[in-house]
Each structure stands twice: as structure tokens, then as C-alpha cells.
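Let me give you the structure first, and then I'll get to my questions.
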Amino acid sequence: MLKKTAIEKISQLAAVLMEKGTLLAPVKEVAGHNFAEINDPQKVDLNFYNTIISPKGAFFPPKEDFIKYKIGKTITEAEQIKVDSKPVFLFGVRPCDVKSFSIMDIHFNAAGIIDPYWSQRRKATTIFGYAYDLNQPVDAADFYNSLGIYAADPEGSDIFMVKKDKDLLLKGITPKGEELLAQLNTLVDAGKDDEKYYEETLKKGKEYKTRFLCIDQDVIAKKLEAVFNNNDFWTKVSSACLSCGACTFVCPNCYCFDICDDTIFGKGTRRRVWDACMFTDFTLEASGHNPRTQVYQRLRQKINHKYSYHVKKYGVISCVGCGRCTRSCPVNIDIYSIVEEALKL
Amino acid sequence: MDFEPKILGIACNWCTYTGADLAGTTRLQYPQNVRVVRVMCSSRINPSFIFRALQLGADGVLVGGCHPGDCHYNTGNLYARRRLATTKKILEFAGIEPGRFRVEWISASEGNRFAEVVEEFTTQVKNLGPQTKLKIQE
Amino acid sequence: MSRIGVFVCHCGLNIAKTVRVSELAEFAATLPDVVVARDYKFMCSTPGQEMIQRDIKEYKLDRVIVTACSPLMHEKTFRKVIENAGLNQYLLTIVNIREQLSWVTHDIEEGTAKAKALLNGAVYRARLLAPLTSRVIDVNPDVLVVGGGIAGIQAALELANTGTKVYLVEKNSTIGGHMAQFDKTFPTLDCSACILTPKMDAVLQHKNIQMLTYSEVTEVKGYVGNFDITIKQKARYVDHNKCNACLACTEKCPGKGVSEWDEGLVKRKAIYIPFPQAVPQKPVIDRESCTYFIKGKCKLCQKVCEQKAIDFEQQETFSTVKVGAVIVATGYDLMDTKPLVQYGYGQYPGVYHSLEVERLFNSAGPTGGKVTLRDGKEPQSIALLHCIGSRDKNYCEHCSRVCCMYSLKFAHLFKEKTSADVYQFYIDMRAAGKGYEEFYNRLIEEDVKFIRGKGARVTDSEEEPGRLIVEAEDTLTSKFLRVPVDMVVLCPAIVPRADSKDLARLFNLSTDKQGFFMERHPKLAPLATMTEGVFIAGVCQSPKDIPDTVAQAYGAAAEALTIVVKDKMELDATTAMVNPASCCGCQNCVRVCPYSAPSFNVDKRVSEINEALCKGCGLCASVCPTSAIIARHFTNEQVLAEMEGLMEF
Amino acid sequence: MTDFKKIEENLKKEAKRLLESGEVTVVLAYGKGFDEKHPMPFAAKSVADVDNIVFNEYCNYNMARYLVRYPQGTKIAIAVKAADSRAVIQLIQEEKIKKENLVLLGIPVIGMKNPKTDEVIDSKTTCGMHNPVLYDVLLGEEVHGQKIVSPYDVLAEYEAMDKDARWQFWKDQFDKCIRCYACRKACPMCYCDPCFIDQNKPKWADKAPQSPGNIMYHLTRFHHLAGRCIDCGECSRACPVDIPLYLFHKKVAKECEEMFNQVSGMSIEDKPVLVNFRVEDSDKILE
């Protein structure tokens, strides 16, 4: 089933989705677009390349409250915070980002320990994938092709969307998506030429070239292991690194977090917040010892985690080549170039 | 009901705290909105204390120290003057009413000055109404 | 988890009147970590103290909160209490609900509510308190006394007699102070010199006293038990080691200076001793009036000096003394009455101030003890004007305390030495001292005319040139009076020494509104100051008569002794320390510390604090961007927690 | 206009000379990034590295940020534009580095651009000066005759706001903060390790990226940088969500300048204003 709507009427679609549940969609901010919970359907803005921050926050929010507690005289009362089971519509996710969810699933949802927060949110969410606009130039930072992802891959989406001139075509991919699509009465059925356009776009997506490097996950995993002690290399590639968390916070695949208690007036919340392996105190131990005091050690950890440890542990690279880290890096460190350099060693 | 502001006072041990004691010894009457934290010197006051106090819901913050030149530690309050003046400018540019933060030099013998300042400041903060901007909403 | 005991004091009705104390204790019992909460009539009394100690044992308390009067009042008392029960003294928190609460409100609702908030703050803070170990330091057994007036002399002698080494610093070239200027003392009329000069001599002779005349304190370093005090010896231009006090020099000297000792009534030589009984009996040269220093030649004194003691090249020198305690007894100045033009001082020669009159009576004074006016004539009528500048909101609010009595003394002496009519213009006659009222009664009988009314103005007389008219309102008859007299004696306000601010700064003393040095507590610590180890005695604390001054001198000596008799003492443990793991090496602490306690370890790239130098102000902790500096007992966590507790309710 | 190519040549020439002669062991400059618009901070440690050096209008980086990373005593040459040289001066004032270990390669420049927006940053987000305040070698001709624009002009709009509007403005800005700390890491003056915000004892603020913690972090950071910020604007350019931190820093700098009559990073003889005082400071500053 292929449906369509005029892009200028996108707010109508948004309004319908908002009635059914929570809508997360790109909105324009000063610096660019980001996913946000929509309160005003007019705010939904599909005129974007990709968001600054990845949509991972839909399942793994920057701040997830677990428990609310009250420190009492004899007993501390605690109450678990339940994830809202209301349907969520994650609208306008680029194919590389859709792919990132399945990689994160392994960690949060499949590797023996089920993270209830991630898994419940995943279940409640319908993903509206959205092909890149093939008429726009590729951003120089992107390299998702190198990871086998293409600009118009519907895989992983429940509904996949393609922009056709002034229209938006929506295709149900999964039964969940099909079902929802059928209920969205602001949409109209797409015509034959739309069908054709949709199919062609998927094909043309393969031709829409980002930077490309032949990355065999086992080769790179071994390579990085082999060059682990090549301090010259790591020092050189990290010499500009500021050790901030920009890259990891915008990354769709970084999942490290910290758990902290925030208490005021004896009442508090235990929550998890995003953490970054690039932070100095990320590995700081209670004893005061810190195994990764140097910038190069931290950057090496980040690259290795994504391209080596993750491969060994979960059988897949923890990177989708969305280019966000490169774009957000205050000093333009480019993970692609580092991998490229490493492979040459 | 009238709004009764909660005001955090931070007083240096040697001058303002002693001055506040003197106000009591001489049985001066003043509003009870100010709750005083004693520190050894006004220079002990970390600017973040002020930000934190406002986050904790203080409607105003009153800092008291020795008169410049009379600091028990010679020059502590001269540093405090610069550091707290800067704090005030920061609050102001952030859009916090400048009237919510005040620094006063009150010596150990100025019990009446302490009472006066508390009276004045309480009225001033009362007129500004509850401080909601920085207060952490539970 | 802490085990906190809360002890709420009623302080009789002082607190209980405006704070519902039992409700406060009940409230305390509901707070987390509070295992026992009680209220009691007088927590500082023996039963109160024992209650706390019993509960510490019975409830295994590890924190104690006493909700009572100001910590400045009884923190030390209760620290002792918990320490004797086996708890570290720094685990005590005092909540001030008296001075800063019950005494400043009439509203019991308001009082109780605020008391709860304050107590809650204390509970938050108490949880984070840490036991601290007091530093034990060696105590220097010597004492410095600043000021060689009667207070300083008495204190120095008392201390010296116990075997304590005393340094007595005096700004002038002789000790003796104002008392040495007086002729008689009230109310007994005994001769001032007769009772003072033996003491001055005793100072000179005492082997335990090192007298440093013509000297000033210029720098104070260190702290109680270990002060390092720099003393400037002004250039005397006479080598006192060589001088044999023959005073031949003073006879030959052609220089003429104004005699400060005689309050400017006469001239003295450029090389001089201030008065014949001066101690030491050795002269100094006043540069300002010395012919050699003015014109470059003379040196007559040098020629006549057989001891070759004159040294025109002498420079001021600085020496450092190490002492364990200091007594400041720097006395007073008279207020300068020239700006009070209505009294005509400096304008009419017949107007005198009280110290000038003291000199007129003195047989060693400018007139040899004869009461004559500046023109040499004996006055036929004399007016004594009380409260010039004192008890006056425009100038000094305080009462100078001794003027009534010395005016009576003057009146008596005038009657004795002249046949003049004597008028007393007073606001109130204050004669609250042993024998004072009796002395007043005696004077009434001596035909002194008492006019209850403050002298308002002194003018010259148009009818009788040379005479003065004193204008006043007699408040008993409500009549406006104009009294013609030959001589007017002003009793100016007693004010702090002109340089007392500098001294206050040197010793870190607080001053009151008038500028007198502040005592630590007006009742319970009248001689101690906010600076540990520095005591005050005499008029530098507030105006008082000789008996009170001497009593304070004894007291201050005893206070100083309590410190220096011990060879070790405990210092407050509330110093700062550096957590090297958090230090970012910015050196802010090094830049700001007034005591140079922090220093930068170049090898480790972190700051370190010398706790012996730290006075615990906490400045370093607030300028430390990484919170690496822990201001013990006032740590960031403790202050933040207290703030949180205070703001909760 | 600035001849960027010329400066690049001179920079390479000097770097080569300094490394060859052994005068320095590191040259902190700018290197090639993944494309021309994205150059990177670059540490040249050998003559071979010099080829990688570039200079163009996107080389905004304040290389002073990297100085404290090297062990004390390391001989370093550093490329400095106007604000960068002020950062070096400020670091010398704070005794983090020593002048004797540095060779300052001064770059007078106009027309530096923000690669994200392509707008010229000169006086808007940076201090508005064109010539380095301190240098040993000048790599181009000093810029003169430019219209003098106060770096504080951009504040007018915000100063004119009513306090509630200004609060709303900043609250919205700080609410965006994701606590990646790129601002502090890009700042040449933020050399603290650990930063106060990372501490648990005392815990100054929540770690979660939400309003109270964000505000505490930023306000305190403004105070820590008061009288020290040299207005290079790196914090704002580093921010992935474009919080205009430079505005606040400029305002604090302006206030400090008015109160203490000293501009940060202008003289190595100065002492940072907030760890200093003058007896004659006026109580008026507290009003």
C-alpha cells in the first residue's frame, strides 16, 4: 500500500498522529533540525538534511528516570517510574539512523539482558523512515555507503517515506506500519506514477554516493586490535581532539550512560543520563585511579569500541556512517579518515 | 495571604554574624524571613552558593561581611566584593531581578544596621514576589 | 547514617517566650537521622550538660545539635561537653535561636516556624560534619604589651612578677601615659606622680621587662602562641646605651619645640626629656626643632656630651620579637575641640581643655603648679563645661565617663589654688564609683556653682574685653544664662587614638562605632578580642577611670598568662587542605591567601597548604574552581547542605 | 583583505625553520581536514609534518587550548590570531605556561569565517581585534585602518531586553544544552581537571541535561571565566546546538572591564581580576 500527502499538508498528518499518541519529528532550531516531541503540528519540518542529534533519544533518552524516592525517618520510600506505553510515532528518520536502531537492539534488547526502557519504547514506537532527498547533494561528512547503507533503504522502518517533488509518499513496510497507514485518513492513495517513482527512488538510492571505503568488519576489527599499541598513530589522530562529548552525544550508536541520584529536600530521582567515553572522568575509579587519562587513549577507545570490540562482541560495527560526529566535532575530527588511516597501517 | 519570602543570609563570623547577635542582645525587632548561614569570612562565599540558594528556592540572598579594611582576615572582603559584584552582574544578565541579591558590610557593633538591612531587604524581596526563575521545580 | 541528638534550650523564658520549644523538639524527632530530641530549661547548666552527655552514651550519638544561644556564646562550652562524653568536639552544631531569633521577634508562630527551618539546616549540616583533630602548637612564653600608660605598666608588672618576659612598647620617649600628666587623682586627691612614678621605675628596673620606648609596632605575623611582631625603634639620635642621663645636652640646646607633654602650653628644648620624672631619663632629639637638622650646623649637644652619646646619623631600626600573647593598652586622645567653634577653643586664649588644665595644676607643669591664664593673671571666675563632643549625637554619642569626676577635682583644685568663682555646667552629674558621690557632696559644700545645663556657646564679652561669656540654659529653672568668666575649661570627649585604626588592622581587632577596640563579649569576655591571643585593657576599649583601667590591666595580664603558662596549646582545626587529585594547578589560592599558607608544588603541579599558617577564612576554597580545597568545618558540601536544609521549610 | 595563502606560506616557512633548528619541538597550527572547509587544529612535530599545515578563513581554532597539554618546559611555537594571543597572555598571567618556552607566530587577519554559517566572525563572536597583542614573528602585515567595532556592540539588543524576556531567552538556550561540554573543552581558559560540574563531592548540580543543572553549569562557568575570557568565541562555535555563549561571556567581560578597569589577556604583567583587588574598589560595583 502506497499513500501520499502534500508536504505542505504535513501538519494535518501530524495532528492525526498526535491524536493517536506521541509524535516525535524534526523541528527547526537555530543550529539546525532536531527530533522533538511535537506539541504544535505546524512545527513539524521535513525540510532538513539530517538532524544534529540522532533519533536514538526516542528509545534511549538523554535522561531516563528510573526511581523516585523519598528519604524518610525510618524508611526510604521508592517508586519505580513506568515507561509510558502510549504509542509513539518517530517521524522522518533517515535510513542510516533506522539502521542504527537495529544495531542498538542487540545491545539493549537481545544480548541476554533486556533493557526494559529501551524495549518498551521500541515496542510502542512506529518508525517512519525517510529517504534522503536524492536531488540534494550529499553532505561531505556522510559515509554510510561504507557500512552498506544506502540513501533510500526502507529496511527497519515500519513506514517508509519518499519525497516526490511537493508530495510525500508513504509505504507500509511492516504489518504494524501497514495497519497504521490504513488508519491515517488524511492520506490519499498514491497513483501508478507514484508507485513507480517510489520504486525508482529505492533503486536510485544505491547510486546516491557518500564517501566510500571498503570496510570489512572483521578486517577492521583485527586491524584495530593490531595497532592498539601504536601510540604514534593514536597520538597523531587525536592531537586535535578536545575530549568533549559532542561526537558521542550526536551519535546514533553510542549507548554509554551514567546512573546518578539527584536529591533535593530528601526527595530524589535515580536516573540514567548519557555519558561519553571521551570525558576525562568516564573511567575514573573510586580509588582515584584512571586507566584512561590521555586523550589518545579515549579516542582510541571510542574507535575501537565501534569498529573492533563491538564487532567481536555483537558481530556488527557500531557505526552507520551518518556523519554526525564529523559534522558536530568542534575540531573536525573525522572518524572515517581515522579508519581509513588505520587500514593503511 | 501575604507573601512571606524565604531569604538566605550568609554572614561572616566576625562582623555581620556578631552584629546580628548584637541586634538580638539589644532586642531590636526585625522580620524573620532571613535564615543565616555562618561562614568565617565573606570571602568564603563561593558564587555558586548564590546560584544554588536561588535554585533551592530562596527568594533573595543577603550576604554580610566586615567593612572593607576591617576584615578579620585583612583582605578577604576585598576579594569578596569583586567576586560577588561579578556574581550579581551574571544574575542580572541572566534575567534574575538584581534586587534579589544584596551584599552589605555590617560590623560587629552595627546591630541596628543589621536589623535595618534585614527590614529593607525583606520588603524589597517581598515586593519582587516569589522567585520562580531559578527555583528547581520538584 | 548519622545518629543525631537534638537539644533545645528554653534559656528560661528568653527562648521559650517566642519559640514553642517542646514543639521544636518534637519536630526535630521527626527528622531523618535524629534519634533523640529533648528540650530543657537551661541546657548550659550542669543538669543540661549531663543530659547531653548521658544521651550521647545511651543513644550512641555521633552528632549533637544544641539549639540555644549564639555559638559565639556557648559553642566552646558545649564542645567541651561533648568532648568529655567521648565525642569529637567538631561534631557539635549550634543553632542560634536566641540572639538571632527569640530576641528579635515577638511572634511565637513566626519564631517557631523559623526555628524549625534553622534546626533543619543544622541537621542537614550535622550529617556531613567530620571529626577534626585540633593542632597542637608550641607556645612562646613571652608577652608583648603595647602602650606604656598605667594600663600597660600595670599589666607588664603583673606579668613580669610571675616570671614572664614582657616587651613593653611605648610610642613616646617615656612611659607613663596620660596619668603622668595629671596632678591629682579623683576622688581621693592623691598625687598622681606619687602613685605612678614608683611603678614606672619598677618597670625600668624589672629584669623581666624589656622596655621599648619611642617605638611602634609595624607588623604582626603569626597567631596565638606564636606571634612575630616587628617593632620600629624611631631614631632618637642619642645612644641610650652610652647616655648617662646627665642632661647637660638639654641645658645647652638652643632649639625650641612645642612641649607635647605640657599640651603645647610651653616650649621645650630640641633635645629633651618630656618631664623630669620621665622613664627612661634619657633624652631624644626632635628633628623638627633641632638647629642642626634645620640649618645643618650646631651640634652643641654633641660637644657637651662626655659620653659621646649623640649620634646624628642614627636611623630608625626594626626588630622582631616573638611572643605568645599580646595586650593592647593604647589609651585615648581627647577630641579636638577646635572644630566646635561655638566653644572658642583656639580662638580665645581663656579657653582650655582638660589636659591643659591638668598640666596647670601640676607642680612639674608649665606654671609650676600655679593656676594662671596665658597672660599670667590668676582667673577670678572659671567655668567648667562638661560633655563637649560627648553625649552628643552630632559628635560622639558615648559618655566619656570620667569628665564629671575630674571636673569636680578641677573645681576643688581651683578653689584650693585660687579665689575664683567656679561654675560647673553639666547635663547629668554621674558619680557612680567608690567614694564618688561623697566627693560630689563635698564639692557642693565647697561653694562650687553647679548649673544643670550644657554649655551652649562661649563668646567674648563686648562690655569687658578679655572676659568670656558662657551661654547655657539652666534646665532646672528653664532660664537662659550668660555667665561672664575669665577662664573656660572644656571637658572634651574621650576618643580612640588617632592611629587606633592602624593598630586595629595590625592586630585584626574589631572596632566599635566610636572606634574603640571591641571586646569579644561585653560581659563574659571583656578583655579578649576576636583575635585569639590579643587582649585589651584600659581606655582603648572604652572610656574609664584609673581604678577600672588598673583592674582591666590585672585581668588582661591574667588572660595573657592563661595562654603563655602552657608550653603547648590547641589551635582550631578549621583550616583548609588541598585534595591533590582535584587540584588543577591554577594557583588561585596562592594568589589570594593573606597569610601565604598555600604554595605551589612545582613538581607535582598542585597546591599545598601549610596548616600552621592557615587561619581558616576559606577564601582559597571559594576561589578554587575545582573545589579541590576543603575548608574544614565549612566545606562546600556542608554549606550547601545547610542551605538546603534552611530552604526546605 | 588578508592574503591567506601568503600567511600559510609564511607559517610553513617559520614552522620548518623552528623545527629544523630545534628551537621548538612542536608547532601548534592548522592542518588539513577532510575537506578545505574543515581544517583541523594541527600539531606539527617534524619537518615532514609541515606540508600538512594550512591556513584559510576557516582556521578559527584558538590553538592556545592545546598549550597546557604539553609537559612543562616543552618548547612550543604557536600560531596566534588576535584573540588567541590574548589567551596565551592570560595563560602566562595564570602561570600555566611560561613565555620563555613559547614562540608566538602572530597572524594579523580579517575575514575569518564560521564554516557552519559562512558568516564573518571578526567582531561578532570574537574580540574584534585584528592584530595579535603579543608575538615573536609576524606572519603577515598588520591590519590597520579598519573601522573600529566594539566587541560589545552585539550586546545592545540583549541589554535592552526586559529582564523577563532575557531570562526566557537564556532559559531556552540553556534548555537546549546536551551537556557534551564541548564549550569548556574548546575554551583555552577552561583547563580545570576535574571541572567543578563533574564532581560528586560537592555535587554542584545534577548531571542530567535539564534546566537546573544546565543553568548551574553555565552560570558558574561564566563566573569562573569572568575577567579571564578573552572573547575568542570558540565555545559558541564548538557548541553542537549553537548556544550563543559568547554573548554572555562578552557581557561579563564588559562588566569586568567597567568594574575593574582591566581587559583580560592584554598584558602579561596583569593579575586576573577576580583573584585580585584594589583597596579603592568602589562599593558601587555591588549595587
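When the chains are written out, they are named A, B, C and D in that same order, and each has its own residue count from 1.
Everything below uses one rule, namely that contacts are C-beta pairs under 8 Å (C-beta built on N, C-alpha and C of every residue); 3 or more make two chains touch, one makes a residue touch a chain.
Treat the numbers as computed from the prediction; the structure is a model and nothing was measured.
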(message) If I count C-beta pairs in contact for every pair of chains, which pair wins?
(response) B-C
(message) Let me check something: if the centre of a chain is the mean of its CA atoms, which chain is farthest from chain C?
(response) A
(request) Express in whole angstrom the distance between the two chain centres, defined as the mean CA positions of chain C and chain D. (result) 53
(request) Just give me the whole-number Å value for how far the CA centre of chain A lies from that of chain B. (result) 48
(message) Measuring centre to centre with CA averages, how many angstrom lie between chain B and chain C?
(response) 29
(message) Nearest whole angstrom, what separates the Cα centre of chain B from the Cα centre of chain D?
(response) 34
(request) For chain C, jot down the residues that touch at least 2 other chains. (result) 592, 623, 636, 640, 644, 647
(request) Would you please write down the residue numbers of chain A that are in contact with two or more other chains? (result) 264-265
(request) Send over the residues of chain B in touch with two or more other chains. (result) 47, 52, 56, 69, 75, 79, 83, 136
(request) Under the touch definition given earlier, write down the residues of chain B that touch chain C in their complex. (result) 6, 8, 13-15, 17-18, 20-25, 27-30, 32, 35-41, 43-47, 49, 52-53, 56-58, 66, 69-70, 72-76, 79, 83, 107-110, 115
(message) Show me the residue ranges of chain A that touch chain C in the complex, using the header's touch definition.
(response) 71-73, 264-266, 288
(message) Going by the contact rule set out above, which residues of chain D touch chain C in the complex?
(response) 72, 94-96, 191-196, 199, 201-202, 204, 224, 271-272, 274-276
(request) Under the touch definition given earlier, write down the residues of chain B that touch chain D in their complex. (result) 47-48, 51-52, 55, 68-69, 75, 78-79, 81-97, 102-103, 105, 133-134, 136
(request) Using the touch rule from the top, collect the residues of chain C that touch chain D in their complex. (result) 582, 584-588, 591-592, 600, 605, 623, 625-627, 635-637, 640
